[in-house]
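Here you go, one structure.
Which chain is which? They are A, B, C and D, in the order written, and residues in each are numbered from 1.
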Amino acid sequence: MAPMQDTESVPRRAAPVEPEVNQALAAEHGLKPEEYARILELLDRPPSFTELGIFSAMWNEHCSYKSSKKWLRTLPTTGPQVICGPGENAGVVDIGDGLAVVFKMESHNHPSFIEPYQGAATGVGGILRDVFTMGARPIAALNALSFGAPDHPRTRALLSGVVAGIGGYGNAFGVPTVGGELRFHPAYNGNCLVNAMAVGLARADAIFYSAASGIGRPVVYLGAKTGRDGVGGATMASAEFGEDAEEKRPTVQVGDPFTEKRLLEACLELMASGAVVSIQDMGAAGLTCSAVEMGDKGTLGVALDLDAVPCREDAMTAYEMMLSESQERMLMVLRPEKEAEARAIFDKWDLDFAVVGETIAEDRFLVRHGGDIKADLPLAALSGTAPEYDRPHAPSPPPAPLGPLPEISPGAALRRLLASPSFGSRAWVWEQYDNTVMADTVTGPGSDAAVVRVHGTEKALALTADVTPRYCAADPETGGAQAVAEAYRNLCATGARPLAVTDNLNFGNPERPEIMGQFVGCIRGIGRACSALDMPVVSGNVSLYNETEGRAILPTPTIGAVGLLEHLDNRIPLAPGPGEALVLLGATTGHLGQSALLWELDARAEGPAPPVDLAVERATGEALRAAAGQGLVSAAHDLSDGGLAIAAAEMALAAGHGLSLEAEPAMDPLAWFFGEDQARYLLASRDAPALLSFLSTRGLTARLLGETGGPCLRLGIETIPLAELSEIHRNALPRLMAEPTTN
Amino acid sequence: MKALVTVTLKTGVLDPQGAAIANALRTLGFDTVRGARQGKIIELDLTEDNPVKAERDVERMAETLLANGVIEDFTIEILD
Amino acid sequence: MKALVTVTLKTGVLDPQGAAIANALRTLGFDTVRGARQGKIIELDLTEDNPVKAERDVERMAETLLANGVIEDFTIEILD
Amino acid sequence: MRTGVIVFPGSNCDRDMAVALHQATGIAPAMVWHKDTSLPPLDLVAIPGGFSFGDYLRCGAIAAHAPIMEAVRAHAARGGLVLGICNGWQVLIEAGLLPGALMRNAGLKFVCRTVHLKVLNTQSPFTHTCAPESLLSVPVAHHDGCFVAEDALLDRLEGEGRVAFRYVAANGHPAPDANPNGSMRDIAGILSENARVLGMMPHPERMADPALGGSDGARVFESLVAAMQDS
């Protein structure tokens, strides 16, 4: 078996001879010739092997955002509610009463494709760390998952591994996983997407940042020991897969939720003790990125002594320690006078605590190991002069024109959709997630947005993650805007006031103009929508190069959004009671372009994406909140892909009794029931006349649609027993996952 | 014919189980414990009675299902 | 000195993991699989270099922590 | 009523338990660190859910040997009340305070959902305010909740009224899919011989607040308070 992993004192064998640093080696590190030239110019000498590793980590796409920075800057990131926008480990938003919500979404796509359980688990660990690094206790997690075609040979193994990994980590850590997304599409056959979001709570006046301050202060290493995990991982996460994906496998890291849980408690205790000056988790390219980020933000230098780094394996080199992505580790700058107190807290939690360096006055990143100087670099320049590209971008080709509608009745089409993995119940997934731990989950998975109470108060947060990649492919700007609009709608449907968003931008190879065009278009749409809907972007993450042998994923800018319910009593449920009136809020033109109906029934992605009118979206959402405030709304569900029919079915299944919906004589029944026009909600009310007149005074389109109750769902002239729909819906995923999976 | 498949973590892969066990044993006073690693052992009962064929089958079973080649190694032992 | 502790379920104790493995293998076409049982294997690295002492220690470790006497049996192998 | 919650490094329902106990008793419970060797004077010791020491070996196995457990055993020996929920039940079994074993769920997956429990023993300090045969609906969330024991023990537990709760369908009758983990005889919780120690897999502390969609779980805590008052 392998050598032991928690040996206390590691004997240092002679380190292997370092390879000669040259153009070729730089290329192996993913550095372009011009980037290597830039390094030579900066140092005016060739870098050492360790220095080359440091540059490759700092300058790769994942850490430097070199392809995306220019465009990320265009996003709206400010607002009265924003305490801290992009640039820190997570965004921070004011929710009143001296409290703040801290959240971010991050991808772990490539690692999850290579080792689904551990890849997803460490993804969850990473995003939880980003949140508690800010001083917040995580109170909820969400995840947005995209997999290949259900019948693709790897899909089921990836799905079961990823879901088990997310649960395995989050459940043990003790955060409720309350929502997310799951989609299947052949474009993800070679690149699955695992986007994990974490949400935390902190006192607004006790947020912690990464900027170091003060000279000669101890730089402290906390948490798990360092191994060779993921050495070269950051480079891997920014490389397009080739046939050699297999060779990259050994870099996969294993997560340890038990250590993360102790790290959380120890960090929060340490922060409360006043010992922490600044803190940064070790994520991608661990020690390198965290040390440089702390120094750079504080305009200080950092000197590290790697002999003090707690190691898990024998004879680790400086290069390996600087690039290791071992999980569950933190870097802090502490007040020297508090060092003993800090040490005691980490002893209490049986975690490693080591002073591995100090802050220095000069702009210098100095790394010593075994008596040698392994790296001596201008610190500010490491991130400051990181390359930034304005990559050429081309507009997306227009989608195929909308062909004839399928020959099928609305009832039959609904059965087909509900039986598909795309629209079947997700219970198979979220029953593997602990969604009630912490005893504040008001609305768990399986509704519009999840609702989680702010512990010890009557307030609650509404949380959702959304995007419709089909729309983004057909028209990136509209698709980007629609993703934000749909997130907004999901929050409004619970009665919450939307606050802010985090975005996780998943795309193919940005060096291809058509991919860069998708990226630019989506960002434009997201930016417009966030401004119009007053939901600034406070954090996020970019994942590029999601393609295999030149086949890219669909453009997938996942939007995670957070809203506030000032009082739990303002919450609007999804399930109506019997004997209530159904009202359709919003205008219906029967837009079937890029619809789920065409895609699920005959795999056609035709026609334009549905137009998004942001002014109407906002007016509609605000009207819904106002109407609910007057007690005119007893239940609400947003309309998105699958249109009215899917929304009605979901509402009926949640209620446990039927609904009757009238058809629109002037419109094709398929267009009426499955059209995907935006800015629409299905509402239930005990006083429809009052609701309708309230909405019309606001100049909004709304109409009486039918009523609730009975054992069936009625779509115009067709009635379907709810029991049958429930059966179809419940079994869709279990049927897909019944057969055993291989690795 | 029976076969034993022993599945262990690859060298260098973090083993939280093993670490937790070693710590627990030390806190229980077993201070001779330097470290621990945990693995799986799967005993297969096969109708196959040709050891050569059995070994070949079990090899394929281990690769496709029993071991996760990304982080685990396996050894096979054919009994009687 | 190293020791191997193999922990297996007592015969008669139902083993859902083992059953699932056997089923999976059969559905994958390995139809020579009659059944499977899954156990744990724990490798200990000890500072103790007297095999007799080591065996005695490991025996106590297995009884107190590594195996649950209600449902599990264990065997010990000293490797050095 | 003086209550205490044992806190292991990987406990994650300790706060939930404390909130429910505080709500029921009006007094904040003592949070007792696993490395302590003695308990303050307490009427009830609660062992919360979570993953006490990562639970990578056997759930609760390492926690059962924590320094505080000697004091918990002594408390139980004195006839003190002990409540173990989820991981807490696993710890009590590993510590020998309750019989049997809790194994990996029959479905092999972690399972989180709301289940229906039939209260079989309505005499115990934990359940005596429940009407005979009454139903409680509370969440489960575990990976290793399949209760296993020899028939002789199962018969004895049933014969002595020590099966506190059984998983049933909404209509109160047993049903295969009503049992989330394959527990023998649908057992969801058991009592010690003197009925002063209860171990259960479901989480009453997560369903003790109407704002969360139900308060069935509060029955358990109300029973405890009432039991202390008339004793």
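Operating definition for what follows: contacts are C-beta pairs under 8 Å (C-beta built on N, C-alpha and C of every residue); 3 or more make two chains touch, one makes a residue touch a chain.
Quick caveat, the model's predicted, so the values are computed rather than measured.
Trainee: Between C-D and A-D, which chain pair shares more contacting C-beta pairs?
Mentor: A-D
Trainee: Let me have the rounded angstrom distance from the C-alpha centre of chain C over to the C-alpha centre of chain D, please.
Mentor: It comes to 29 Å between the two C-alpha centres.
Trainee: CA centre of chain A versus CA centre of chain B: separation in Å?
Mentor: The answer is 35 Å.
Trainee: Quick check on chain C: which residues sit in contact with 2+ other chains?
Mentor: Residues 20, 24, 28, 43, 45, 64-66 of chain C touch two or more partner chains.
Trainee: Hey, what residues on chain D touch two or more of the other chains?
Mentor: In chain D, the residues touching two or more other chains are 53-54, 56-57, 62, 65.
Trainee: Which chain A residues touch at least two other chains?
Mentor: 1, 4, 256, 258-259, 350, 740, 742
Trainee: For the protein chains shown, what form does their contact graph take: line, ring, star, complete or other?
Mentor: Graph shape, chains as nodes and touching pairs as edges: complete.
Trainee: In the complex, go through chain A and note every residue touching chain B.
Mentor: Touching chain B from chain A are residues 1-7, 114-115, 118, 224, 227-229, 249-250, 252-254, 256, 258-259, 312-313, 326-327, 350, 740, 742-743.
Trainee: In the complex, go through chain C and note every residue touching chain A.
Mentor: Residues in contact with chain A: 20, 23-24, 27-28, 43, 45.
Trainee: Spell out the part of chain C that touches chain B in their complex, as residue ranges.
Mentor: Touch residues, chain C against chain B: 6, 8, 18, 21-22, 24-25, 28, 30, 32-48, 54, 57, 60-61, 64-66.
Trainee: Under the touch definition given earlier, write down the residues of chain D that touch chain A in their complex.
Mentor: 9-10, 12-13, 15-16, 19-20, 35, 49-51, 53-56, 109-113, 139, 141, 143, 203, 205-206, 208-209, 211-213
Trainee: Where on chain B is chain A touching in the complex?
Mentor: Residues of chain B touching chain A: 8-16, 18-20, 22-23, 34-37, 39, 64-65, 68-71.
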